[in-house]
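Mind looking over this structure? Questions follow.
Naming follows writing order (A, B, C and D), and every chain is counted from residue 1.
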Amino acid sequence: VPDHKPRITVEQFCGLWPPDMPFMQFYRFAVEQIGYGDARVRLGYDEHHIRPGGSLSGPTIMTLADYTIWAVVLGMTGPDYRNAATSSLTVHFLRPAPAGDLIAEGRIIRLGRRLAVGEAAVYADGETGGADPVAHVTATYALPSARESADSGSI
Amino acid sequence: VPDHKPRITVEQFCGLWPPDMPFMQFYRFAVEQIGYGDARVRLGYDEHHIRPGGSLSGPTIMTLADYTIWAVVLGMTGPDYRNAATSSLTVHFLRPAPAGDLIAEGRIIRLGRRLAVGEAAVYADGETGGADPVAHVTATYALPSARESADSGSI
Amino acid sequence: VPDHKPRITVEQFCGLWPPDMPFMQFYRFAVEQIGYGDARVRLGYDEHHIRPGGSLSGPTIMTLADYTIWAVVLGMTGPDYRNAATSSLTVHFLRPAPAGDLIAEGRIIRLGRRLAVGEAAVYADGETGGADPVAHVTATYALPSARESADSGSI
Amino acid sequence: VPDHKPRITVEQFCGLWPPDMPFMQFYRFAVEQIGYGDARVRLGYDEHHIRPGGSLSGPTIMTLADYTIWAVVLGMTGPDYRNAATSSLTVHFLRPAPAGDLIAEGRIIRLGRRLAVGEAAVYADGETGGADPVAHVTATYALPSARESADSGSI
């Protein structure tokens, strides 16, 4: 792997979406790390994320994984690709997610010219890297073309 | 098809999750119809659902589709199966979803003994049934066993 | 829907792949119909398709569905798009497929500029259109750009 | 991880399906390794696997990945679970697969009581473990219940 330096910093990444927008206030993401090909993001607990039965909702899990894999993609492409949009996502729910913070660990599967594919394992707080994720997600992102990236201006 | 009568009414279905829980206040579902093998649900617009760029977020779309296909499954199995849990979900995002209400139309693909599989097309308000959904979702649900259903008590 | 006429005929479609190539001799497809947005293909039985236990193999089912949805896409785009390539596929196996012919019924979910998404239900012979498919498949296809299509010459 | 010993040997695994059945003669699998939670399988080249354009067909890739993840599952459960059946599979095709042998590296995502989920990366010969797989697959397997396993007799 000739290039290990991420193309975006955590600070740049967190500046892409305004923190005062309602979406970002509802999903309290803490981006812990972005590398060239991987990323780790924590989602702060909120009672709105609880579904009947007391576990975290599936959408909450999917949102975190989607955001994390998007960070992975931007870590390999940079802020000019912030318009990369999720085109498909497959999630497997593996066990109930206990109420509390969630951590997603994402990595690239392949960065192509027009599409990027990545995956993420989602863990309950304190269980990262273990054998018992609460969910596994793969997702694809349509990459803006070079022209579109150039047109979209600087951050 | 020998049995066309749904096994759950819209009223019973809407009573399964308490309307005062934060999750249900955030996602304002209006269940328009549940049949034996299909269902239609509207999601009321909320500014929390808007992602940067002004379209509705992917998780919002996935949440609506998941809820709708769950209604399809309960329409074929009844309230004793309310513990049916999503085990996997695949979504294709087809175009940006304009700010406004969303409507999902779901139908069963197959009801098995342990698993149910369904699909949903998600439309912008006023475009249902047309050729231009904003997303398409397939999802699988693990069904509680007969014993588990019996143990879970009445609604 | 302003355009109901398919952009490729069954004869044109069947001429895209040489019938004497080993792949096509192994998978004996009979294209029964291609419309503007749907297609139906039969796969002739072959003992090579049987897996232990006596049912048809999963790959056999996936192959037929992939080929059928590709026909759907070409029915909307025409022979210039014959280089459309499957970029992802999700299959749900719903019940064992009995030894015998299989029939897939495909339809478009959305034709975009760069990606097409379609789905197919796969049936045992004599059960098409019924409530009991053996499998359900969704698949996406990367479309060649206008320039690439123009460069690829005539059939 | 308290238990590192696989529950099935390569020899036992290869005895599960008769080598003289047409399916196994068409797909020449060489199981290189089965561990407790991972497996590696090679697929020998055959001209029947070539699709128009000269690359290996998608079904060939899916077949290899499915077989490999099934080996992963049996490596954690043992031969009594040989009736574990694929219930769903999602594949992302990442680039054309050159004519030649293919190698799949599979690993478990989660082994549950009723379902197992695994993934595999598929590589061209000589490129395993690198950053450029030709495909990525996730698949789920319905596990036979303890009673069903007991009834199914010994190998």
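Note that a contact is a pair of C-beta atoms (placed from the backbone, for glycine too) under 8 Å apart; a residue touches a chain by one contact, two chains touch by 3 or more.
Since the model is a prediction, treat every value here as computed from it, not as a measurement.
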| item | value |
| --- | --- |
| Chain pair with the higher count of C-beta pairs in contact (A-D, A-B) | A-B |
| Repeat of interface A-C, chosen from B-D, B-C or C-D - more than half of residue-number contact pairs shared | B-D |
| Most widely separated chain from chain B, with each centre as the mean of CA atoms | D |
| Numbering shared by both copies at the chain D-chain C contact, with half separating same from different | same |
| Distance between chain centroids, defined by C-alpha means - chain A, chain D (Å) | 29 |
| Intercentroid distance (Cα basis), chain B paired with chain A, Å | 24 |
| Where chain C touches two or more other chains at once, by residue number | 87-88, 90, 92, 140 |
| In the complex, chain A residues that touch chain C | 87-88, 90, 114-115, 140, 142 |
| Chain B residues touching chain A - in the complex, by the definition given at the top | 16-18, 21-23, 25-26, 47-53, 57-60, 62-63, 66, 83, 85-93 |
| Chain B contact footprint on chain C (complex, rising order) | 1, 90, 92, 94-95, 109-110, 112, 117, 119, 121, 131-133, 136, 138, 140 |
